[in-house]
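Next come two complexes built around subunit A: one with subunit B, the other with subunit C.
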Partner chain A sequence: MKTLRITFPYMGNYVHAFRGLLEDLGYEVVMPVKPSKRTLDLGVKYAPEFSCLPYKIVLGTYLETLPKGVDRIVTSGGVGPCRAGLYASLHEKILKKMGYNVEFIVLEPPLVDLKGFYKTVQELNYKNYSLWYIYKAIKRNWRKIKALDTIEQKALFLRPRELTKGSVSAKYKEVLQYVINAFSEKEIAEAEQEALKQLDKIPVNLEKLVVKVGMVGEIYVLLEPSSNFEIEETIGHLGAEVKRSMFLTGWTRDNTLPGKSEELVSVKAAAQPYLPELIGGHGQDSIGNAILYIKQGFDGLIQLAPFTCIPEIVARTILTKISQEHNFPILTFFLDEQTGKAGMETRLEAFIDLLKRKKLQKLERAKGGNIDGALSWN
Partner chain B sequence: MELYLGIDVGSVSTNLVLIDEDNNVHESLYLRTRGQPIRVIKEGMQILKEKYENKVSIKGVGTTGSGRYLAGVIVGADIVKNEITAHAIATTTFVPEVQTIIEIGGQDSKIIIIRDGVVTDFAMNTVCAAGTGSFLDQQASRLNIPIEKFGELALKSTVPVRIAGRCTVFAESDMIHKQQLGYKVEDIINGLCEALVRNYLNNVGKNKEILPPIVFQGGVAANRGIREAFARALGQDIIVPKYYNVMGAIGAAILAREATNGQKTNFKGFAIADYNYETRSFECTYCPNHCEIAEISEEGKVIGRWGGRCPRWEVI
Partner chain C sequence: MTVPVIGIARTLNYYAYYPFWQGFFDSLNLKTIVSSPTTKEILDQGVKDALAEACLPIKLFFGHIATLKSKVDYLFIPRIVNLNRKTVYCPKFLGLPDMIKYSYENLPPVIDLRVDNRSLKDSLLIASLKLASFFGFSKLRGFKAYREGIRQQNFYENLLQKGYLPVNEVNVNSPKLFSVKSSFKIALLGYPYLVYDNYVNLKILEFLNKNNVQVLTAEQVPWPIRNKYAPFTNKKRLFWTFSDRVLSSFQYFLKNVPDLKGIIHLTAFGCGPDFIVDRIMEIDAGEQQIPYLTLTIDEHTGEAGLVTRVEAFLDMIKRKSR
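Now for the complex of A and B:
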């Protein structure tokens, strides 16, 4: 049987696990390249004008990858009643029109629909591997995703505390390779340990006063740094710790979180009073997570939303209310192809300043006016 | 005398101030940027040099505004800060009880919400001209009225005229229409002031809790017509501080004082007025982002680079 060539959208570090799984299923993987300005330009050129940023970037990615020869594209579907559900078929239409004959396979996120996920996996399984084999392959690559998430979260924690600006980002890039290159679960676990060990060697100041910022929003712009101007890195360099609400594994290492994988359930529960209905996309998660961040004593929240993204626009209206009710600073970025890095940085810097001054004031008050000289932002 | 220098480089104006330990403003310069920030920074430094060289000692320098990084490397800043923080610091220094800052400049406008002396919320508008000074400039020149007279004239208005001011294009055609209907020019001008205020409150001020004391600053604060229109729309007194058009620079100077805190400044000295600066830009081809990198050199030596999406060019 001919070996099929397959590709998928670019989404953060996860592409490495996707690749692993598809190779296990007997595909030749045509790796997408990290989205760049060229990718976006391509997407903007061929996508409907009012489609959202993720749609354009993903289309651009396909247009960069397809000329290399691709038989199949595997992508994810949307959650609830939002146009993300139509993404794949719209993309398919445009690509067909342009003369690319490629088959789409739409994968539902396993956490949302385990059964559907399994069914699509069977569809992907064109070489008819045994169930046991596939189970092992998924398990192995799932482990890889967890490892990627773990070291990413470690980097997010360390970055604002580093003594030399840029040292965490540089090391992180290096140790990611350990995990990417690991194959068996044992190797992955070892690579993860080694990566964490290396990251821990970076000189940091753990005493430093750091503000904690939660980050919510639409999944693509949250998970793919090139679509948000590497906002997490920028925030880290401004001396704030970011906690992203979304990791593919839904799995978090933060021990301060009440419960473990109940997290997803409680996000929904937290959003209930404000938005009982599923509005599609990740609007409800944005609200639920905002409430959870407030409960956990975070200093502020950033919402990332593609321009024209209905679920996030709805969420924003509610977040404004939450912000006022809880005296909790929230900053929203609407992203499109026109967004500039400079303007975004100005607002981010101002926002982090705000959080720092506010926190300092709170600490001063708690200490009755005189704050300890040991408290320092540096 | 020991002074602190604050520089605010915006797209319309570049402002320089000198303040002392006690926030007394000893000098304030308001210069037009005219698209040539380097030249205007040097020009400002030249003026300061002539007046102050060998007479004062500069203990710290801060820069702000959209050209803050550029200004920072040219003068040797101790701190480079965004304009929201800079404005807020200056205003809370002069009006400690302030709860709302309305700032309208030539190209942008912002609102800063302050509670108990710290910023709790803000918004900026940099895309839509309908809520900024350039909107007024445009209409003033249409009506052949010097912008300085605009505010005074608005106060003479007796009949309210509503101008649709959602966007500059609509405002203009609506204004022409009202002119043809025979409305008096002062009534039309007043209508324009109210349109700008409405725009501002609907865009920048949307969802913000605007509580008094309200401080109005930025170049447009000079316009009494706008000030009155804000007072009417908000039903509150509007405070315009003495140094309303250089508050960003003052904030930068205050931040410089905080940042140096008795330590040695990075300031290169007034001599920079005589240095030679050159800029160039090029496209980076290391990855498909093809960033446009801007580079500035001082006396032939590269002192700064911007525009990259990655840190590749940041190290000099």
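Now for the complex of A and C:
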């Protein structure tokens, strides 16, 4: 049987796990390249003017990969009544019109339609591997995703505390390779340990006073750094710690297991008084997480959303009120192809400064005006 | 006892479902006020009060609520999630009562009954009974009011199918404007709150009608027929009710109106779903060689400019068919 060539949208480090899984299923993987200016330009050229940024980036990615010869594209549907679920259908239509004959396989989350999910998996499984084999392949690559998430979170914690600016990012890039190259679960676990160990060796100041920023928003712009101008790195370098509300291990779990992860149940509960309705995308999560960050004593919140993103616009309208009620600074970036990194950095700098000032004032008040010398921003 | 006054905004769901609520409230002798037709002041107010990134219709809704809120005892903003058991309303509709509540101070109580026929088959009836009992009426009175609402709504939908154009006002008792009959047929597709609002559509609907163009609207195709034309690719259909309405009627017109001369898609700046709707229609109309024009309405679109574009579009069609 001919070996099929397959590709998928680019999404953060996770592409390495997707690649592993598809190779296990007997595909030749045509790796998508990390989205660049060229990717976006291509997307902007061929996508409808008012489509959202993720739509354009993904179309651009396809247009970069397809000339290399691709038989199939696998992508995810969407959760709830939002546009992502229709992305694939329109991408397909546009690509067909441009003369690309490529087959789309759209994975819908199993929670929404278990039978449909099973059918799609069987469609993907064109070499007819046993279910046991597939189960093991999924398990192994799932382990990889978890490892990728773990070391990423570590980097997010260390970055604002590093003594030499840039040292965490450099090391992080290096140790990621350990995990990417690991194959068996045992190897992945070892690579993860080694990566964490190496990261721990970076000189940091753990005593440093660091403001904590929560980050919520739409899934693609949260998970793909090139779509948000590496905002997490920028924030880290400004001396603030970011906690992102979404990691694939958390998100996918919520959508795959009927039990639902505990954390998310409370996110929904926290959003309830403000937005009782599931509005698609992750609008409700953005609100719920905002409330949880407030309760956990975070200093501020950043919301990332593509311009014209429906659920995040609803969320932002309500977040404005939450921000006033709790005296909790919230900064929203509506991203489109016109967003520039420089402008974004300026706004971030001002925002982080504000958070630092607020935090100092609060500490001063608590300490009766005498602030401990050990507490310093540097 | 004074009768409470219930405020209804003349936009969004108004053009689709007002007859139901009117029939319902009238039957209970409750007083309703509908905000006045859209004006520049209303839009400006909405632009000020709503989030800058929101779409034009949501801003408009804010503007209408702003003019209503001091005049009424209750604001009626039901959360209509699903009615036909197939599609849901745009997520912004679903979050409407919350967006309003968290954006204005000193609001009268907001009636935000939830209607979702997917989880509960008769949820509109149940919501109606709840609403009636909230105002102190018995189940029987509530049921009668519900029936009256349904009657009015059916009557309205029949009128629409016959070509009634409820420009600025939904009036089932003395419908004013009907689409002219002619061999020059143009489909004017878009959400009812764009197509029938004279301020928003920049009077295009009236302009076409005056120029002896037969205007086909999505509302002219009855639901059972539309439903058959809904899926587009991969057997998928659009999730959102009004988008689905536009696309399915488009597909119906394309296949069943042989002398269809052209299609005008009216869309609002900042609309989420419309880029999908618009591109699908553009590709499909192109394949059938039917002229297609997209008009995007924003806060600053000038009337003259838009009418000129429509005129040019009509001229192009006339030249082509000669």
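The working rule: the second predicted complex is superposed on the first by the 356 of 378 C-alpha atoms of A that agree within 3 Å, B and C clash if a C-alpha of one lies under 4 Å from a C-alpha of the other, contacts with A are read in each partner's own complex, and residues count from 1 in each chain.
The rule we apply is simple: a contact is a pair of C-beta atoms (placed from the backbone, for glycine too) under 8 Å apart; a residue touches a chain by one contact, two chains touch by 3 or more.
Keep in mind it's a predicted model, so treat the numbers as computed, not measured.
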Contacts of A:V33 with subunit B and subunit C, given as first, second, both or neither: first
Comparison of subunit B and subunit C by subunit A residues contacted: C
First, second, both or neither for A:F104, with subunit B first and subunit C second: second
Contacts of A:I310 with subunit B and subunit C, given as first, second, both or neither: second
Partner chain in contact with A:T320 - subunit B first, subunit C second, else both or neither: both
Partner chain(s) touched by A:F229 [first = subunit B, second = subunit C, both, neither]: first
Which of subunit B and subunit C A:G69 touches, first, second, both or neither: neither
Touched partner set for A:F50, first subunit B, second subunit C, both or neither: second
Overlap of the subunit B and subunit C footprints on subunit A, listed as residue numbers: 320
Interfacial residue positions of subunit A with respect to subunit B in the complex: 33, 36-39, 166, 169, 229-230, 320, 323-324, 327, 329, 341-343, 346-347, 349-351, 353-354, 357-358, 361
Complex contact set, residues of subunit B against subunit A: 66, 81-85, 116-122, 124, 126, 207, 209, 287-291, 309, 311
Contact set on subunit A toward subunit C in their complex: 48-52, 55, 81-83, 85-86, 88-90, 92-94, 97, 104, 106, 274-281, 283, 307-311, 313-314, 316-318, 320-322, 334
Residues on subunit C engaged by subunit A in the complex (per definition of touch): 50-51, 53-55, 58, 79, 81, 88, 90-92, 94-95, 98-99, 102-103, 114, 232-234, 236, 238-240, 269-276, 278-280, 283, 296
